[in-house]
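Chain IDs A, B, C and D follow the sequence of writing; residue 1 opens each chain.
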Amino acid sequence: MLSHPFDDDKLREECGVFGCIGLEDAANFVALGLHALQHRGQEAGGIITHHPETGFHSAHRFGLVRDNFTKTGVIESLPGSIGIGHVRYSTAGSKGATQIRDVQPFFGEFAMGGAALAHNGNITNADAIRRELIERGSIFQSSSDSECLIHLMARSFQKTIPERMKDALRRAEGAFSIVAMTRTKLIGVRDPLGVRPLVLGRLHQGWVLASETCALDIIGAEFVREIAPGEMVVISEKGVESVQPFAAQKSRFCIFEHVYFSRPDSFFGGRSVYETRRQIGVELAREAPVDADMVCPIPDSGTPAAIGFSQESGIPFALGITRNQYMGRTFIEPSQAIRSMGVRLKLNVNRALIRGKRIILVDDSVVRGTTSQKIKEMILEAGAAEVHFRIASPPTAWPCFYGVDTPEREKLLAANMTEDEMRDHIGVDSLRFVTLDGLYRAAGEAGGRDNSCPQYCDACFSGEYPVAPHDMIERGFTPKQAAE
Amino acid sequence: MLSHPFDDDKLREECGVFGCIGLEDAANFVALGLHALQHRGQEAGGIITHHPETGFHSAHRFGLVRDNFTKTGVIESLPGSIGIGHVRYSTAGSKGATQIRDVQPFFGEFAMGGAALAHNGNITNADAIRRELIERGSIFQSSSDSECLIHLMARSFQKTIPERMKDALRRAEGAFSIVAMTRTKLIGVRDPLGVRPLVLGRLHQGWVLASETCALDIIGAEFVREIAPGEMVVISEKGVESVQPFAAQKSRFCIFEHVYFSRPDSFFGGRSVYETRRQIGVELAREAPVDADMVCPIPDSGTPAAIGFSQESGIPFALGITRNQYMGRTFIEPSQAIRSMGVRLKLNVNRALIRGKRIILVDDSVVRGTTSQKIKEMILEAGAAEVHFRIASPPTAWPCFYGVDTPEREKLLAANMTEDEMRDHIGVDSLRFVTLDGLYRAAGEAGGRDNSCPQYCDACFSGEYPVAPHDMIERGFTPKQAAE
Amino acid sequence: MLSHPFDDDKLREECGVFGCIGLEDAANFVALGLHALQHRGQEAGGIITHHPETGFHSAHRFGLVRDNFTKTGVIESLPGSIGIGHVRYSTAGSKGATQIRDVQPFFGEFAMGGAALAHNGNITNADAIRRELIERGSIFQSSSDSECLIHLMARSFQKTIPERMKDALRRAEGAFSIVAMTRTKLIGVRDPLGVRPLVLGRLHQGWVLASETCALDIIGAEFVREIAPGEMVVISEKGVESVQPFAAQKSRFCIFEHVYFSRPDSFFGGRSVYETRRQIGVELAREAPVDADMVCPIPDSGTPAAIGFSQESGIPFALGITRNQYMGRTFIEPSQAIRSMGVRLKLNVNRALIRGKRIILVDDSVVRGTTSQKIKEMILEAGAAEVHFRIASPPTAWPCFYGVDTPEREKLLAANMTEDEMRDHIGVDSLRFVTLDGLYRAAGEAGGRDNSCPQYCDACFSGEYPVAPHDMIERGFTPKQAAE
Amino acid sequence: MLSHPFDDDKLREECGVFGCIGLEDAANFVALGLHALQHRGQEAGGIITHHPETGFHSAHRFGLVRDNFTKTGVIESLPGSIGIGHVRYSTAGSKGATQIRDVQPFFGEFAMGGAALAHNGNITNADAIRRELIERGSIFQSSSDSECLIHLMARSFQKTIPERMKDALRRAEGAFSIVAMTRTKLIGVRDPLGVRPLVLGRLHQGWVLASETCALDIIGAEFVREIAPGEMVVISEKGVESVQPFAAQKSRFCIFEHVYFSRPDSFFGGRSVYETRRQIGVELAREAPVDADMVCPIPDSGTPAAIGFSQESGIPFALGITRNQYMGRTFIEPSQAIRSMGVRLKLNVNRALIRGKRIILVDDSVVRGTTSQKIKEMILEAGAAEVHFRIASPPTAWPCFYGVDTPEREKLLAANMTEDEMRDHIGVDSLRFVTLDGLYRAAGEAGGRDNSCPQYCDACFSGEYPVAPHDMIERGFTPKQAAE
């Protein structure tokens, strides 16, 4: 029923997580934190809290945080000073409709008490673990890879929940930033490579864990530090205890968090995401200059790079394309005749501005190339003299298996075409992507990418997967090495 | 129940209108046009169509066009190739809750057949007309000033609906851009001063009327011309007939349409709204320069002027404040504790970018000054060294009575303070508004404002009302002359 | 979308009305009264109240009273100690979908203040009145005949609302029991023939008007008297004033109120409706005895007559057919395969009881005969030896135009067949209707029907319409005289 | 929020189950069957089906079957020719709000494929089983006792689902009538005592399992036989295989199914439930005669016994109390003032009938006695000369632990008072319950109750629990032996 008349042609982060302890009416803070992380998942959300007198409380809902988790009734049904929450992205039709049972956080009652868990990332050997657990008599309620973790914990022989969690996570491969809770403890953990982000904050006497710093800002919490790759923190009234459950590995933070996933006002490694994006534009202007009259972003995600491009090139920055802010992400289409109007429902070209001009359009990425083509048509129809695309990421040629919704490799434009072929396919005067080295430089690696031991996970560009995607290989995915 | 934790502190256009004729399944086009005009009214919308076999059809709904008027069932319930529509702004609690009966277009069955009407503007002598009509036995269904027009038409002795409409409008004072329809005709009319906009477009064999050109763009219609102040067009299968029901007057288009109301990708008088706004920034930079490190817009409406200010001053443009795009306009507040967080629900300062910098913040207007103060606090808390406000409109010192939702004069900051007092009140290092002349220059009047006969309606700035607001005077409003 | 898989094959009362004055939080009482009158209309309902400080308040909703008018929020939005309400029957698809604007009470703002009105009955010359009013410039909002009254009142030259109401009603022909209100007065009026019921009750210091006595019982009000045919009562804090706006006529109360429309626990003319129905069963047993093993009612409306038949005949009474109480009136059908099961969704035969028995089935009426046939099939399939139908009303051969939803005459079984033909058509061993005289005797007229001047309106049986149905004749209906 | 202004003061069956195999579009049949069983549970319902191409499908909803499971969209989302379903009663506030996860059927994915299960009854050692399973690492999703069965099945070492089910059920104590399904088999099983009913039917080439015969009738299925106590049937395309997983025991069918739970048109042991109820009235008239003018049932459940009482005593039967059929089971109360009206919202006394008469009121049971008192007040207020209560079951003195919602023993009137004390407490002229022997005679046991080995489970009357309620004893319940 629902469809996307203007397919964004973006990769989509699948989740955001948030937790807090030591804050009265924790659900309020969790709701606000999830609201700030809404860009990481708009399909559904859930909150679990614990109150010493009434036990665990939970609410899981489809839709936006602002529509579900701000009503007095819902918040009052979630008492307690400890709580965690999760927002989840709609993973389209291909994987089947999400059921409310798939919405996290997940909860399990163990012999020593209950625990809840919210997961950002993807367990790449979940299929195998799930098969084994079913064989041994576990009943799965969801289709989520994350549910494995709760079952592994339930079957652990350890005496405490943090110990059981270590047990479970040592079985898991892949990417995970997890926020969990018991009746008295808030737990945060990142996988050994630290693929997905997780930050620690402080508010009054309480502590906060969140996917991004923007979720600390909204509640007025102070940023303390990032959880380190491979680190587990166990937070109780006694304070923050840090443990290292895994063998040490070199960090491989997801570089796409800088390119697109994270909010521009968040920062990682001391670096403003906005500033990194602006700097990508600067790199692009150096790597792929072009003579033109105007630099226009594809709204909204291309804006920082477009500003950087304009500043480096001296070509004026202008809002040549306007986004309809009442669009929402979905639109139920009225009829076939209208459906063909597609992109116009969301974007409009400022004709009076564009006419007769040579335009540089800056976008953050090209995935299938479907919308690039449509935007090009709109802008030519509005009378632009020339159209040059500049893309603030390298060609996306490989799917992500670490918690991002990517089309199959066959559907990725860059998996099938060279840069020049893409230019001709889209039909623009020029098309250039920032280089992988340029991207690394913009992200603060002055020397570019260390090819022998890359500083980031960039599998979607390079095909070099830092953790083998075993489930997907079993389902038929052919990794790079075998393909070449 | 609903409240605005982050009060935008903006004037609000109260309506957008759209109509078309000669286009199969007209309701589809009306829905799209209203979607493009959604910024002119988000509370409710309505569509009326006519089909030769089944007569008039109507649907009126609270909420956004995308949520109501794109479902197949609704569109199919609105058959026909002629239709009009209306979007309406929520006029806050002070005037009482809107009922569905207040949602336009209004419909009336006359002896010679039905007619429907959608109105943008405000009839300034509606109270008097209404009293007289009730005295004579008319039954009003809504609290809307626009319903008067239908009743005046019903009581006219003229034989055709266009003639009855002329009769009715000659009794009306104030501002009105109206789109109306009979079974076979689409009618558009603007008041003699042309305060509110109305444009004519062409699509295939059909014709379109809309408040702004962006609503032509969304359906791919070609812009033909603006309806002239005081002009009525009667469009049938025979074509467009233009008549002049009123005595000629000099045009007084609302200058605030350029400043804030209209979408930046619309154009009036051949001038891009975006370009006018950018030019206001240029004027501001000339009139009120300041030494600083960064020019940041208050998102989203301050952006074009901030770009202009940056370009004229050479001070770099940056997105120092991020807007949460999942905010919506309303937010049901979770608790008193949270309510105090207010502005953080919607805006966040990019701390890593702002810290230690001297910041110029560019906003489009200051009405009550409530949010200016909150934004100043956020930006200082994030570590800005200096904060300078530059406002892309003159001080708003008078309420609008021509179809815009304005606070009472007592609540307007500029009605009570000088520019310097406002600066101290808001607590910033400097605060400057563009001058009225600067605004006129940016809007294309090279010589500035013609004070003897102003080119625009600027009553909200100057207190010079081109049409006396009789109803409001009767209700106690004191116009400028009497006040000084 | 909605359909009736088990078409009840009943005539349907179209409305119930209720009003009260002098009772704090009147809306509570109106809601309860309408709940008690829900059998008179299930499609929609409305309540209007008046509070001296806040004026008139209204709520109109589709659906049952218990689902709409018992929520705290709705009741609190209807303050005041005076109020009226209306429930309305769904008049099927033939007349077009009801819109919320058709839901009563109707409200009108007159020069001397507002008034609201709720109407049970039908104005038989409404088409003509409406045409004239439109000609003179009135704007109609609904498709209801009752709206004419508000417009006639608006155009009256009288100085008070009761006087304007008299003016209006003297123009109206047909059947009407009306409850109306001004800011300070509750008004009740019945047409000169008193076709529809209206009773007066007293509770504490307040007064109540209602269609039936069961609505007095639910709020604990004491029955005072029936409003007389042709009487208007104007109730204020000074008490009940009775006036006679119309020329005196002999009463013609609707006899079908006794047969089916009214609730069995109501009473009219001092006579319990239940007792009259039981007595019809007694008359039937005398007029049309039959040798059998068991008397079973068609639930639920045939029960009192079946009890009477059993008591008079000595044949045991038994519940041979069970009604599914979770059926509701509508059922959205799952598929064509299921649709054919029709009657089984609502009724089930008690097989163990029925098998091998000679069964007398007692129903209150046969309209189109559609369900009689289906019930016969079910009961034979369950193994009954013989099936005898006894109907507690005479053959329904004419449509009602006084506020009852009747099929067109062509669809009435009794308009097309004799009693014997009907028996063969339905396929039962015997079929007998009570005679018109028997019905009158059961209703307390010991001498039967006075054919020269009938004591009741029985047009649906006799074709003798006490008020000529002018609108319907104009639309093509042929009355009896012309037909024979 | 929801409350019961007229508390029915009834025991409530907690569930109804239905399943079918070999019927195209099975979901249609399951929906109809559940609709017929709606009296066994109105709070929520669920359906699971299996289609060979698309696997298992499920839908669980709060509310009535007719509102949820008849919409085309829902039914189409449940393809396949095999399916099971469940309706569930609201177990009031005391046990906490039901969550959608508590709604059956439950589904589990096992190593050899999925299975679903719907349970009517109660596992009396579920607490102990649950504790053990959690200890061993099972994760429970619901608070339902029935979920234990799925987990026990998941952990069984048997190779087929029917074998695993036997394994699981041999661990379970208590009452259970279960309908289960695999991809290709429909399974039915009753506990060794056969406390809850389960019947087998045949329709075309398919088979049907249902709690009562009325659910066979609605789909036109032929009754084949009851599933025997302790029998398991495994139905596949090869036919019905019967197995005996348990040691043989003498049957103890719940006698309250005859008194109140089942629908009157169902039959058990060849006996019509209606006829048994009527016969209880006959026994009552013999055991406890009284001189009076009228026998009136408390609607609707007291009706058959009232008919029997009237027939045996010769005192006329009459509907002296009318039930408002639009009441529903719940009513959101408008205000404190109204709440006190309680019983009037649902029942009304037929004043014209009752006044001055000596009335025998027949009800099916008295649990807490709360409504008996209110009805007595209403009927005296209406002017009855005498009021005599006759109850068609023995005093309810013990809670049921086999799948019925009963108040705690302290709240049962008969646990605290003798028959005479109850008469005085309720305040009626006489109050008599049928004896346990009289009840057994009415149920077909001519010799009355065999006290050494009772033919039925009558624990709610006798305190003799055929299966020890271990969980409840552990929670503090004191069985009869210890109490006396």
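The rule is short, and it goes like this: contacts are C-beta pairs under 8 Å (C-beta built on N, C-alpha and C of every residue); 3 or more make two chains touch, one makes a residue touch a chain.
Small disclaimer: the values here were computed from a predicted structure and weren't measured.
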Graph distance between chain B and chain D, where chains that touch are linked: 2
Which of B-C and A-B has more C-beta pairs touching across its chains: A-B
Chain of greatest Cα-centre distance to chain C: A
Length of the line joining the C-alpha centres of chain B and chain C, rounded to whole Å: 50
Mean-CA-position distance for chain B and chain A (Å): 37
Residue numbers of chain B (touch at least two other chains): none
Chain D - residues contacting chain A, complex: 100-101, 108-111, 134-141, 150-151, 154-156
List of chain A residues in touch with chain B within their complex: 25, 27-28, 31-32, 35-36, 38-39, 42, 64-66, 69-72, 75, 214, 217-220, 263-265, 267, 270-272, 274-275, 278, 300, 303-304, 307, 311, 316-319, 322, 324-328, 331-335, 337-338, 341, 344-345, 348-353
